[in-house]
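The first chain written gets the first letter, and so on, giving A, B, C and D; residue counts start at 1 in each chain.
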Amino acid sequence: MAWTRENMARRAAKELQDGYYVNLGIGIPTLVANFIPDGVSVTLQSENGMLAMGPFPAEDEVDADLINAGKQTITELDKSSYFSSADSFAMIRGGHIDLSILGAMQVSETGDLANWMIPGKMVKGMGGAMDLVAGVKKVVVIMDHNARDGSAKFLKNCTLPLTGVHVVDLIISDVGVFKITKEGATLIELAPDVTVEEVRERTEASFSVADNLL
Amino acid sequence: MAWTRENMARRAAKELQDGYYVNLGIGIPTLVANFIPDGVSVTLQSENGMLAMGPFPAEDEVDADLINAGKQTITELDKSSYFSSADSFAMIRGGHIDLSILGAMQVSETGDLANWMIPGKMVKGMGGAMDLVAGVKKVVVIMDHNARDGSAKFLKNCTLPLTGVHVVDLIISDVGVFKITKEGATLIELAPDVTVEEVRERTEASFSVADNLL
Amino acid sequence: MSKIYPNAAAALEGILFDGMTIMAGGFGLCGIPENLILALRGSGTKDITAISNNAGVDDFGLGYLLTTRQIKKMISSYVGENKEFERQYLAEELELEFNPQGTLAERIRAGGAGIPGFFTKTGVGTIIADGKEHKDFDGETYILETGLIADVSIVKAYKADTEGNLIYRKTARNFNPMMATAGKVTVIEAEEIVEVGTLDPDQIHTPGIYVQRIIQSVNLEKRIEQRTVRSEG
Amino acid sequence: MSKIYPNAAAALEGILFDGMTIMAGGFGLCGIPENLILALRGSGTKDITAISNNAGVDDFGLGYLLTTRQIKKMISSYVGENKEFERQYLAEELELEFNPQGTLAERIRAGGAGIPGFFTKTGVGTIIADGKEHKDFDGETYILETGLIADVSIVKAYKADTEGNLIYRKTARNFNPMMATAGKVTVIEAEEIVEVGTLDPDQIHTPGIYVQRIIQSVNLEKRIEQRTVRSEG
């Protein structure tokens, strides 16, 4: 039984450690905030210029001057601070954010990431993704293991334009979790009832398998 | 009759225009603030992180957290703002200051300035002088025309380590005023009873003389 | 010399020209200079190179200037919300330069700070690095990015005093402070204009030296793109 | 995980080592971390490379660490107030690297911002440019300066909340904010420590992410170098 989006977000939340400063990408990564373990206090950064994002506002708290990087209305906390985009990316580029969790179109077995552009099709832009993957200490990708047409997204080499090279440290997909280091990729966890064999079939990248899964 | 320090400061004040943002160096340049013409409003920047410096404090206003770049206690004005040294020099380096007035040990006929170091003798440092002369739109030097031993300070080439190359736009010395452009140096004003001939004798630099002084 | 102008059109008078470069503050539709964008549309200025993190939506913000075809080129990090933008771009009617958001922010900060170039890790190994100088520092590779300045910056502030000291509000700050430093002429629209002495000198976000012209914002829409609320109870 | 430590010595425990690089905030004697400097003296840490705009005076500020010979090298822009410094330097007992003040400030800001190098006009044609890469942008020559980081930054704030959000006061801000971003470990001494929620989120000078340890300043001298007053009447 493959993981749901919620399962993936819950698994990603285990990467959070007490005191971490974290940037969550748009989409599934945003859900991770709902599963922060008890006793773990993390501070969420939003790259449009805020540290310590609060939850979505109540109806009467909505403030057009207070949004996250996904342009959603949010709230502030007692410990919040605001700053310019230059200061925000100085924080990101300077390695002060502990963890970034974001989505992906493709990841290579050496940790290359493609998540911003499909040539000839989509003209949206990379936003802050290239800065985040270049600057944040640890980068975690949450993604469906395969594209809608069934093709592999975890590849030997990305075929789409890259967001960053050798930047992904961990992939959490619906079939399991892969750790990527300089030595290569390793499958370290499996979703319930998913077999190593099934993962191999659905993956183009080479990866080794952690002992406890064999 | 050569100009006094006060005369020189008064002459330098004529360079101030309404709305100017100005940085005044330590020493005689500081005096310029006393001679700002009526109807001219200028804002003084202090490179240690303040815009709109006020006068020295009254005895009971002295605040150790409020000093200028000469480490003197000062006051703030209604329009003042404080910022970091990085932001202060961003302002200077970015060409946002209209005018800087500072002292000099030597100036060359092409506008090179030496005002920070005598090799083997003085270990003080350049402070913000190199940034100011590189970044400020117009640089005015106030200096004694000759050193204490009578030697020339306005030279063909500076012999002391430089603060900046081609940076001085105007020299105000006790004998007169020199304008320096890409075309060379021109004597444009004389102190009372000082002759062109006397200036030539006391100067090593080549300079032309404005028509009205011939 | 008062910096206060009676309205947006007056504040832009004499500083606009065809082919000019304009920086416009804001992130999405948050903290955008609504009045000045409208006045820019009214001016008819053409062939604008617009530096702005986003391109507005079809019927608001910089989208106005796309509809009127006043913009020749955009330098942005993300334009996903604007269909007209995508149409013009795919039809090759519009030039587009994508910058990573942090690189864009830093290029503007550098432009205002007199820094013509800086090295960053962002974009190394991607198409962003194509044609750019690469250099290693301590065994890691970086690329050279250049500073950006604009002929005019249009900036949205929360409060301005009459000297041009500015304060921004919450995430409406975003790109506004850097753009204020990087315009040859910087024009501010503020929700409130106050007398000097009202703002705490320790709490000024943008010192008045960067500000040449100021207007009072009127009829602000402050449109929200993603109105998300939490369910009560 | 509380960031609050009981005193300066405790706040420096476990992060000091001989040969380390330390950034110390302040301009002259204004806004210096008095308590942390004393604790550093007490620690006996040797062969320190100290990055600080000035070197204190003979009997105060970083002058303490010169007297005890704990500093091997200074990176500063101006050290004119310190006779012991001059003596040690001329006797070649102390290494010295002069940086133009703005270059020093920007190098620290760059270090904290992940920028390993930037180009500046400052110092072109002077001995500061010797051996540095030169590059032309738009027909003007600039030199490459590099980012600076420190093993530990010691920083003086006016107010700190328990999350490490900081506010500085007047010109005591100076080099403190950039140094707070450029320390692998940043230790703050604050005149006042307040609960979170006390400081306005729009008015934080240094966000808490940059701050690892905080102490309450005690017995501040706040010595004044040039006490200048205006004559009354």
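One rule holds for everything that comes next: contacts are C-beta pairs under 8 Å (C-beta built on N, C-alpha and C of every residue); 3 or more make two chains touch, one makes a residue touch a chain.
Bear in mind the structure is a predicted one, so any value in this text is a computation, not a measurement.
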Looking at the contacts, which chains touch chain A and chain D alike? C
Would you identify the chain whose Cα-based centre sits farthest away from the centre of chain C? B
Could you state the distance in Å from the CA-based centre of chain B to that of chain D? 28
Could you tell me the distance, in whole angstrom, between the mean C-alpha positions of chain C and chain D? 33
Using Cα averages as centroids, what's the distance between chain B and chain C in whole Å? 36
Return the residues of chain B touching two or more other chains; collapse runs of consecutive numbers into ranges. 76, 82-83, 89-90, 92-93, 135
Which residues belonging to chain C are in contact with no fewer than two other chains? 106, 109, 113-115, 120-121, 168-170, 173, 201-202
Thinking of each chain as a vertex joined to the chains it touches, would you call that graph a line, ring, star, complete, or other? other
Please list, in label order, each pair of chains that touches. A-C, A-D, B-C, B-D, C-D
Residue ranges of chain D touching chain A (in the complex, touch as defined): 1, 109, 111-115, 161, 163, 165, 181, 195-197, 201-202, 204, 207-210
For the complex, give me every residue of chain C touching chain A. 27-31, 53, 76-81, 85-86, 89-90, 96, 98, 100-103, 105-106, 108-109, 120-128, 158, 168-178, 205, 222-230, 232
The answer for chain C against chain D in the complex is residues 106, 110, 113-121, 135, 137-138, 140, 142, 146, 167-170, 173, 201-203
In their shared complex, chain D is touched by residues of chain B numbered 46-50, 55-59, 62-74, 76, 82-86, 88-90, 92-93, 112, 123-131, 134-135, 161-166
Tell me, which parts of chain A touch chain D in their complex? 18-19, 21, 41, 43, 45, 51-52, 76, 78-83, 89-97, 135
